[in-house]
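Two complexes are shown next, each including subunit A; its partner changes from subunit B in the first to subunit C in the second.
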Partner chain A sequence: MKEETPIIEIKNLSKWYGDFQVLDDITTTINRGECVVICGPSGSGKSTLLRCINGLEDFQKGDVIVDGVSIKEISHTKEIYKLRSRIGMVFQHFELYPHMTALENVTLAPKKVFKIPEKEAEKRGMELLEKVGLREHAHKKPGELSGGQQQRVGIARALAMNADIIMFDEPTSALDPEMIRDVLEVMVDLAKGGMTMLVVTHEMGFAKAVADKIIFMDEGRIIEQEDVETFFKNPKSDRAKEFIDRILVHI
Partner chain B sequence: MAYQFDWSIIWSEPYFRWLIIGLIKTIEIGLLSWIIALPLGIGIGTLRSLPNKACRAIGAIYVEFFRNIPLLVQLFFWYYAIPPLLGTRISRLPNLEWYCAIFGLGIYTASRVAEHVRSGFNSVPIGQRFAALSTGLSQFQMFRYVIIPYGFRIMIPPLTTEFLTIFKNSALAMTIGILELSGISWRINEYTFHGFEATTAAIGGYLIIGLTIIFLMGQLEKRLRVPGLMRRE
Partner chain C sequence: MVDVSVIIENIDLLWGGLLMTFKLFIVALAGGLPLGIFLGLGRLSSRKWIYYPVSAYVHFIRNVPLLMLIFWIYFSLPILTGGLVEPFYAAVVSFIIFEATYFGEIIRAGYQSVSKGTIQAAYSTGLNYWQMARYILIPIALRRVVPSMITQSIVLFQDTSLAYVIGLHEFVRMASLIDNRVIRPLELYGFVAIVFLVICSIGSQIVKRLETKEGERK
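Up next, the complex of A and B:
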């Protein structure tokens, strides 16, 4: 039984790139410990929404409240750095720092942001790499790792700051099928361990297994937000129905 | 009458000594102007990569000014046009041409270095910035630990080319009266009428400098090589 304490509240969020509206009046709440999956066709604003939550992108209307803090108010102050360290992020193209080893990728932020001593940061970094099954690859550079391994380093890096929330932006879209499983397994473990997760993905198997809620977006709007079972069995909108048909049956 | 080759003049005195002195001068001009060009170019290129509009404008004006005027005209400007305006203390300075050549070549090359620096930073994918910032690093830390080390590796090959070019461009210093390698070979021709041999000697000198630089920069590149990032065939 999960307690319903909101950790992210998105209130009437709207964002434009010039004349083009990418986010249109988004309102939703994510509770502590929940795993929320966001899906929808490409260009529907899913990634942009994630980047608004940790202040990587500005928005013009509405607000995002993370654990009581208004992103609008702090987005151009130093406070935003502190807040971002509490929200881990995992990227479609991994975005590991190519000139650093896996371990250095994981320990950079703890060392520089929290000023944790080198030895201690490395010890913790090794634990995290162990957790994602990459202990023996700690001293390799990203270019020497497979895509799936790189993405697991990416997850370890996101965990290294002891974040309250982890956001995943299509974490498996750039991976070969056999590598997707390794990454999803790590994510399922995290979700079962009670981490608050916000996952943009089309892996509906993952959603069915661990998601508490599914948000379906199209053209910058939230079309549906439902628990997983309702979403798959009785999608309310035609667009969601079409989308489910299309991603479940590829041909 | 057919041209009579006499390669011995390259090795005979005083011409051999002249050539060595010319070679050393070419290396000195190249290195000293590079010492101006590299930090200045990095500074200007970084200005052009900052979010601040005023900084970017200053960088852009510098680059567009210096890279759009022929280097020869710039050297003439610094040597013939400016010193008389500064009074006799400056215009009668011994070795004035020496300072003008190094200064002129340095600030001209800085504009080209700045462009490579800017495009190097620009080729760091935006996702790297998102990744760094998402972990809580500040803008400054992101530049210091991610963008600069990544971008610098992208910049090494074009900066190698620029470093080579500065030695080749140093030949223009002969037009304001410096007897560097090119100037010396010209003078040997005037004394001996053996222009072919003298020029060949100069060509050899430039090749030695160029190939040495390529070798050294290759070593640097190898040492900083990052798997998966920029592979040079």
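Up next, the complex of A and C:
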């Protein structure tokens, strides 16, 4: 049983792009050390929700509280940079810096944000690359790495700030099947190591293995939030049922 | 028969013309690049009062033949300045006004080629705007832009010969003056062509190198 200390509290969060409501009254809590999987059809607002949590995107109503800090209050102050450094983020298309080596990708933020000396940052960077199985690729540029390797560099980069929370936005959906496994392995290790994780994914195997909770979104709303077993066995809504049938067929 | 002695006899004059061409090129580049950066940033601005005037200027200039622009400035500048304008200044002003719009569009494209996701990734690690710009946005955009910048500079170098029409003694004009005297068009214009070919080929080779390097990175 994990202790239940909330680290992210989302309270009645709503967001509009012009007239289009992309997030509709989202409320949920994520506890320290939990792994929460978010799923739902494309366009349901999952990526937008993640971007609101680390202040990459403004919202009009409600609030997000990260470890006691209100994002609404700090979103246009310098505080937001400090907060973002505590939340790692991993992207569907990796988004590595193309002009830097894997190691430089990982060490840039520790060097520039935390002002960690070069040597120390590199030592730590090498440890992280070792952890994701890429030590021997440290001096290659993203263009010389496969998709799966790039994504593992992306994970190392997110870990480099010693973040309390890591958010993954469909980390495997741009990868070939044989590479998905390597990336998921790293993610499973992280979850088992007690990292707080927020993972947008349709990898239901991953969800079943490590998720504490699953959130199903549709049209900007949370339709269900359940423990994994309940979600798969007894989805309450028809939409979740339909969705589960569809993705399970795919796997 | 081809007789290259006409080149050797007039090499001083031709060299003088080539120097003028280089001078024109360098001054136009030195003026066109900064103005181009300014125009490129203006075209990226979200402020309408900057974006619209700059865009109108860029569209207008890019849709006017350079030759016409040179004539127009040569004959209209004196009205503004009240005195005669030397062909050199009229040519330089024309090239700066014209080439800056091309440099501006290249800079704009370079900026826009940097993925929004990459910028978000940089922010997500806690970098502030200036750190993101310095370490991510500008280095990536610059690498993408340099080959097109050199290509456009080669075009500018060739365009300088248009200053011929307002009587500037640049390389082509010089060859034609000598030709009026000795009637050796084949040798003289052949020589001019070879010199342009060599200089521009060197430029193209540099671009090719840079592009393959960039390709390996992608």
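Assume the second predicted complex is superposed on the first by the 250 of 251 C-alpha atoms of A that agree within 3 Å, B and C clash if a C-alpha of one lies under 4 Å from a C-alpha of the other, contacts with A are read in each partner's own complex, and residues count from 1 in each chain.
To be clear about the criterion, a contact is a pair of C-beta atoms (placed from the backbone, for glycine too) under 8 Å apart; a residue touches a chain by one contact, two chains touch by 3 or more.
For clarity, every value in this text was computed on a predicted model and none was experimentally measured.
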| item | value |
| --- | --- |
| Partners on subunit A (subunit B, subunit C) - clash or fit | clash |
| First, second, both or neither for A:97, with subunit B first and subunit C second | both |
| Partner chain(s) touched by A:85 [first = subunit B, second = subunit C, both, neither] | both |
| Touched partner set for A:216, first subunit B, second subunit C, both or neither | neither |
| Shared subunit A surface residues [contacts with subunit B and with subunit C] | 51, 54, 56, 78, 81-82, 84-89, 91, 93, 95-99, 108-109, 112-113, 141, 143-144, 157-158, 160-161 |
| Complex contacts: residues of subunit B adjacent to subunit A | 125, 127-128, 130-138, 141, 145-146, 149-150, 153, 224, 226-229 |
| Subunit A - residues contacting subunit B, complex | 51, 54, 56, 78, 81-82, 84-89, 91, 93, 95-99, 108-109, 112-113, 141-144, 157-158, 160-161 |
| Contact set on subunit A toward subunit C in their complex | 51, 54, 56, 78, 81-82, 84-89, 91, 93, 95-99, 108-109, 112-113, 141, 143-144, 154, 157-158, 160-161 |
| Complex interface listing, subunit C residues touching subunit A | 115, 117-118, 120-128, 131, 135-136, 139-140, 143, 216-218 |
